[in-house]
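Dropping the structures in below, format is structure tokens.
Common to both upcoming complexes is subunit A, partnered first by subunit B, then by subunit C.
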Partner chain A sequence: MSDFLLKISNLTVSVTRNKQDIPIVKGIDMDIPRGKIVGLVGESGCGKSMTAKSIMGILPRSAHMNGSILWNDPDGSQTEITGLKEKELRKMCGPKIGMVFQEPMTSLNPMMKIGDQVAEVLFIHKLVKNRSEAKEKVIRTLGEVGIPEPERHYNSYPHRISGGMRQRVMIAMAVICEPSLLIADEPTTALDVTIEAQILKLIRHMCETHNMSALVITHNMGVVSTLCDKVYVMYMGRILERAPVDQLFKTPIHPYTRGLLSSIPRIHANPEYLATIPGNTPEFGKETVGCDFCLRCSDDQRRCFFEKPKEAEIEKDHFVSCFSANNRSK
Partner chain B sequence: MIKLLRQNKTALISGAVILVVIILSTLAPLLSKYSETSQDLAHRLMAPGNGHLFGTDELGRDVLTRILYGTRVSLFIALLPTALAVVVGTFAGVCSALFNGVIDFAIMRFADVMLSIPGMLLSMVVLYTFGGSLSSVVIALILIEWGGIARVVRTRALEIYQKEYIEAAIITGAGQGRIIFFHIIPNLIPTLIVLFTLNIPSSILAESTLSFLGIGIQPPQVSLGLMTGYSRQYLFQMPWLSLAPSGMVMLLVLSFNFLGDAIRDILDPKRRQL
Partner chain C sequence: MSEQVLISARNVTKSFPLPNKKRRIVVNNLSLDMFKGETLSLVGESGCGKSTLARLIMRLTSPDQGEILYDGVNIAGLSGSALKPYRRKMQMVFQDPASSLDPRMKVRDIIAEPLKVWHICNNKKEIERRVMELLEMVELKESAIDRYPHEFSGGQKQRIGIARAIAINPELLICDESVSALDVSVQAQILNLLKRLKRDLGLSCLFISHDLSVVNFISDRVCVMNDGNICEIADAESIYANPSHEYTRYLLSAIPHIKYAE
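And now, the complex of A and B:
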């Protein structure tokens, strides 16, 4: 039971707008096993980033969260992250959780040398004794994430390097303290496909060599299939389906997952036709009684509109929240 | 940036003019055999020539020498109060951007109040309260200028605060101070340079105006505005007495204006011609 690194239970996040609480994340459970890469997929605005931000404690001021996020440290101690004070959380986050952002163009300070930026976290948490030790460590890490000539690039400013290189620098910043968990919020969305493959390979490599877990947030099923061990499919702030990656791609159960998978353009498919999921994401804040997906679902039933489906285990480790799936398993 | 400045002709010329003026006024005691205050009543109100390039004033003092000494005051006024106003404005602007809510409201409304009082009126109040002297002119100029600077800085700081690198710094555990000094202030510097250079001309003009009115710098100290004010009565008989010092003010203001414009163009990547 203690093989998980992070366990989220019943996490809810809501945003207050015009004195009204709009729920964004509606009670999700998730656990990140040690040394594994977990993918969180969903379309824009479904609450993926909010989930990541609530782990790091950087929700916007208008948002508030409930539920539990339990950190199971490799040294055996357990910490409830939601109960930590700001200062304690920061003390923990830097060294133990690293984060990579979506937009490499704005996630580096344009006025600071790359090396100094990577070294900053070392100084904040007093992990090095002096500048030369920090510099040595930064250069080693920059080399490790695949920056050519790390000694020279230590003194470069971010605008001198390309987007892919910046994302490598971001990864270096996230992993330099050798954290146990890496959170990557759409790490390759802003990059082109060749660089994307390199960056994904790099994340995989870093996780393997440092025995690190990762939570990868993406809307790209391709990223999930190449990178992750386990997938959570999120829609409208709820987890609809979770399974090991092979199983999900082999036998997707939830109509939404099936829709997502069939929407991936394929090179040999009919070029005139692009599979889509009909309809739009419903407006946030209007809570329905039934299943969140019922209006867009391909095999909807009467009870979908009046009742929320419960999560059920279809196969080993494969959970789905859908009535038709429940019927299938019976 | 220095390379780009060198390519810009306006910047080059105005920068050179400013440099020459600075050198001449600092070397004034060496360049002129007259002193700025020594009177020579036998040679009063002399026309240009005869060893006095711009003639002598009503007490027989050499006008050129006095201009050089007056320029020192103008340069001092150009740099010190403007720099202090930028410091005060940056502090107020950053505070107001970081602590939104009551502090933000208080600082910004106070700045609005200060900006709504005409600058001349505000400085006259200060000068009548503290008496006309260099230090009260400095205080008056800071009071006039900080509000506008604080507003611009606040907007810029808010914009920077939204950037992901700030979020990344918060995550790694950087404290408030570290975020301000390592991430926000360095990114404000281009804005601050522009604000500084654009405020310099108005500082020079304000000091000259106040001294012209007789409430700024007081004799025996020399100031370009003061000289213009005193020689106003001889304007029709001996125009060079007032034209020379006001010409110097114009030269300074124009050069600083052009330099400020050039720097703004260089720091704004959209205006930069590659």
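And now, the complex of A and C:
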């Protein structure tokens, strides 16, 4: 039996603007193993949210995608998500894949009671017979995600509770159908550090108790380091490096990953100036012949400008797309 | 660093009205000294009053009680023209670089505006020269002068915001979450820029952030706030090495750490 839950191969997403196709995600491969938490890191605009949205089939109208997203159900059946019609997709998103969005302030309906919003998911997917059963289940789930006095909060409106609590409600909505995969798009970006720590702990706890996998999208390396088992580093719509989390932080190979890590200020090391990656993230739509990172790279070679580096396995499960890394492995 | 007090808050209280006729105290009987040439950081969770304290120091709002002394002069009760000389000494860099620049003004006009308001340059030629000089200081190309804010990335916009803030040679620069909206690689560039400018221009800097590791990099002293009160104020090094207040320890323990294997 194959042990992956979701396998993305050669996924491309492009957006049509002014009758021109702008590639956003340029052919990525990714697999999410069962029961593991996978992190997707990158700076804003690198295409990480688009990747998540294409799994859920909620890309904006102007976007279209190619490639394959294969779902390997725990019951043994395999489904190709990309080819699904809306009706079939609905059976996947919700019961099997749950999603937590970034903005807990705007993703809840301000006119609906919290309990009713969470219960709505159950009614849509016909997982409960009647209201009292739904209410019971919602209250149990709200308690599980750490909302104090769930009976009372069932009847609260979103504006009455804090940002951290709202994010807990979002998590409750995503996990109430007991999905096999949880996609969390920047789940803690809008929150304070103390609340962030609680939410991260909660996600980890939910994954462990429900044997759930998770795809966590973030730009925060600290979040990746505390939460994830495996990391994908994304830049300009491509995966530059992927490795188990300890391996990546121990020996980051790609110049981009190394640059990213060294530009984070640290508590217990205080240099006079921080190391930086020169330049800015290039704009989308300008496709280069060579490596996407060559203009900002510290150890660029002539070759980098004319050829795309292929992914190479440096160590077990540690893949890098860079010429200098390829040389290193030889 | 000279031990000369630049600005000090004495028993400052500020509250805002609530719908039920009560008032919420945001800054509670707080006293704080800031020395010339130092970078003092205010850290705390959202709603702890750190932005309100900065706005009080800048006199964008006035305190309910207490004094704010700038170079020994109480500016808490001043208004209008009496306050004007102090306005020139304090400038602010805001959090969101996209919304703090006028989208319909060219970079030239954005940076020149404070110069015109304060009549610092006598003619257009001088203004132009000063704007060019400022662009160079914040490491932007000269060609940026004729472009509009939307043509720049977030980090570059923040550089324009910084150029505008330092245009009139202020003594105190207040940075309210100035790097929290930026990506890490760009954040590092802006932090380096701020540190270098502070050294070159001899600025004092009040730095507001919720990110303790950013604060550690930039500051000389750190002030940890919680619920309108100061929990702890100490040198950056000692506050991280041995935090004495329970809340500081709690904040520090909450940061998701990168497990570097070194």
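The definition used in the following text is that the second predicted complex is superposed on the first by the 325 of 330 C-alpha atoms of A that agree within 3 Å, B and C clash if a C-alpha of one lies under 4 Å from a C-alpha of the other, contacts with A are read in each partner's own complex, and residues count from 1 in each chain.
Operating definition for what follows: contacts are C-beta pairs under 8 Å (C-beta built on N, C-alpha and C of every residue); 3 or more make two chains touch, one makes a residue touch a chain.
All of these numbers come straight from a predicted model, not from anything done at the bench.
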Touch check for A:Leu274: first (subunit B), second (subunit C), both, or neither?
-> second
So, A:Thr82: does it touch subunit B (first), subunit C (second), both, or neither?
-> neither
Of the two partner chains, subunit B (first) and subunit C (second), which one does A:Met56 touch, if any: first, second, both, or neither?
-> first
Once the structures are superposed on A, label A:Ser107 by its partner contacts, choosing first (subunit B), second (subunit C), both or neither.
-> first
Partner chain(s) touched by A:Ile264 [first = subunit B, second = subunit C, both, neither] = second
After superposition on the shared chain, which partner residues are touched by A:Met99: those of subunit B (first), subunit C (second), both, or neither?
-> first
Of subunit B and subunit C, the partner touching more residues of subunit A is C
Counting only touches as set out at the top, which of subunit B and subunit C does A:Thr288 meet: first, second, both, neither?
-> neither
State the interface residues of subunit B toward subunit A in the complex, per the touch definition above.
-> 163-165, 167-175, 178, 182-183, 186-187, 189
Residue positions on subunit A within touch of subunit B in the complex are 56, 58, 90-91, 93-94, 97, 99, 101-103, 106-112, 117, 120-121, 124-125, 170, 173
Touch list for subunit C against partner subunit A, complex = 45-46, 153-156, 183-189, 191-192, 195-196, 210-214, 216-217, 236-237, 240, 250-261
List of subunit A residues in touch with subunit C within their complex | 43-44, 192-197, 200, 219-223, 225-227, 245-246, 249-250, 259-261, 263-268, 270-277, 280-281
